[in-house]
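The structure appears below as structure tokens.
Here the chain labels run A, B, C and D in written order, and each chain numbers its own residues starting at 1.
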Amino acid sequence: MTSRTRRSLDPADYVYRHDVRVRFAETDAMGIVHHAAYLPYLEEARVEYLRAIGHPYSSLRAAGTDIAVLEASVRYLRPLRFDDVATVHLVPVAATRTSFEIDYLLTVDGVACSHAVTAHACVNERGRPTRLPMWLTELAVTRSSHR
Amino acid sequence: MTSRTRRSLDPADYVYRHDVRVRFAETDAMGIVHHAAYLPYLEEARVEYLRAIGHPYSSLRAAGTDIAVLEASVRYLRPLRFDDVATVHLVPVAATRTSFEIDYLLTVDGVACSHAVTAHACVNERGRPTRLPMWLTELAVTRSSHR
Amino acid sequence: MTSRTRRSLDPADYVYRHDVRVRFAETDAMGIVHHAAYLPYLEEARVEYLRAIGHPYSSLRAAGTDIAVLEASVRYLRPLRFDDVATVHLVPVAATRTSFEIDYLLTVDGVACSHAVTAHACVNERGRPTRLPMWLTELAVTRSSHR
Amino acid sequence: MTSRTRRSLDPADYVYRHDVRVRFAETDAMGIVHHAAYLPYLEEARVEYLRAIGHPYSSLRAAGTDIAVLEASVRYLRPLRFDDVATVHLVPVAATRTSFEIDYLLTVDGVACSHAVTAHACVNERGRPTRLPMWLTELAVTRSSHR
């Protein structure tokens, strides 16, 4: 589903940005941020993006809809280190009636450190796939057409 | 509730042991295991202990009972490092009708690296405290009287 | 070393506060924040406190000094949930030439959810204990005398 | 670098398997394993694989070589749940002089739950890329030619 060639290293290609300060707990014995710690950064940025566009994830959840992760892919270009402020840039890039994708660029002081993509579906309280809310489909479709 | 003086550095004072291999993901930029990573080790040992005595936690959960953590306290004596095999020794040490405590000793190659205590209550599916199952009360009471 | 009775549920007894937004990644299958996730919250607040008083931890580390954790103890009073903004209140409460302690109170919307204490020592690049920097000793001593 | 079409859902296409028991700490408020928790499972399996073929990662590290992660990609097919025993099947699938890739299949009771790929480079103590050890290049090349 994901088409990696779409990923851009230019922050101007993304519609939202969110800063994350690297915790010491997220580093590893190589002295850099462990590769698994990036996924919660992406998730935190997604959650803040949904809040910013008026659809907080906690409201979705209260209404019985969860956003499941179908796929996650991360490229690590330059290491993140303790106390770095990583800016997570994101853009929804594709959607069907049941799934959508978001692209991410992580920068520190304007330098690209990582890019990533996640694919998602909406699920109900029993974990069954459901159609996306209309606003979510349109959001991604609109974004895609911009590109 | 916890009485730290009870904690022993002698593995013979514990009734169950479980080995955990340190993951690279659990280390930090000091080159040792991050202090927060110990709590999942204790939890994993608790879960294996409950399985060993015939009361698997997944059965408790399937019956609508969860074991909440009321308190956790860890002393770090010697660092754990990547690839170490840490042996978690544990013993239930106290119980009331609604709560119980477990003591832990972590060793690597027989050398004490950490001791810890956790206090717990049982809760129902809405998170409300419930009485402990009889076997759990008796288990801890018995263990306490041994000491 | 830690004296639990000192812990206060009154935010006025703490000298610094730092907000942390709960990540979805930090919740568990009980629907609340996993107990191990609190320790990185405390750590993040410590790091911000050191920055606020002009002694950023990254500078300490660059100078070859690390702050090791000797002990951590957390009481869980009320669960934290996804998307909660937890305010971590902290105060240094004791110090010797080689170790110091910090007390914490976590609140959500002004309601106490947890209190905690951590004890620390400074170590050099080989992990050996060193004397505390003077500012750190004085900081804690001063705070203690206030109480 | 990664070519996803190579990934197989047939355990027979993998050369090594390692079991991981899901920890409660790894679940999230959806009641399933959080997507970020899979990466440490893959890492644990890699480490056990290197040990099994006589090249323990701790020896590599002691000799000044680290294995950095260049890319990680995971597809989530079926959720993992608390206490599941996930079998991580892996196979090295490609190598150049400076990088290599590993494919993974996760199964629970023989049912495919996830597949994944990670790409790696060897780095020295300053984080600089170095040539792969010969055994590592040959290992992956051999495996590739099998496919």
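Throughout what follows, contacts are C-beta pairs under 8 Å (C-beta built on N, C-alpha and C of every residue); 3 or more make two chains touch, one makes a residue touch a chain.
Everything quoted here is computed from the prediction, not taken from an experiment.
With chains reduced to the mean position of their C-alpha atoms, the one farthest from subunit B is A.
Ranking A-C and A-D by contacting C-beta pairs places A-D first.
If you average the Cα atoms of subunit C and of subunit D, the two centres end up 35 Å apart. The mean-CA centres of subunit A and subunit C are about 30 angstrom from one another, to the nearest whole unit.
Here the CA centre of subunit A is 23 Å from the CA centre of subunit D.
Residue numbers of subunit D whose C-beta contacts span two or more other chains: 24-25, 29, 31-32, 36, 39-40, 43, 61, 82. Residues 24-25, 27-29, 31-32, 34, 36, 81-82 of subunit D are the ones that touch subunit C when the two sit in their complex.
Residues 21, 23-26, 39-40, 43-44, 47, 56-58, 61, 82-83 of subunit C are the ones touching subunit A in the complex. Against subunit B, the residues of subunit C that register as touching in their complex are 29-32, 35-37, 39-40, 43, 61, 66, 68-76, 79, 123, 127.
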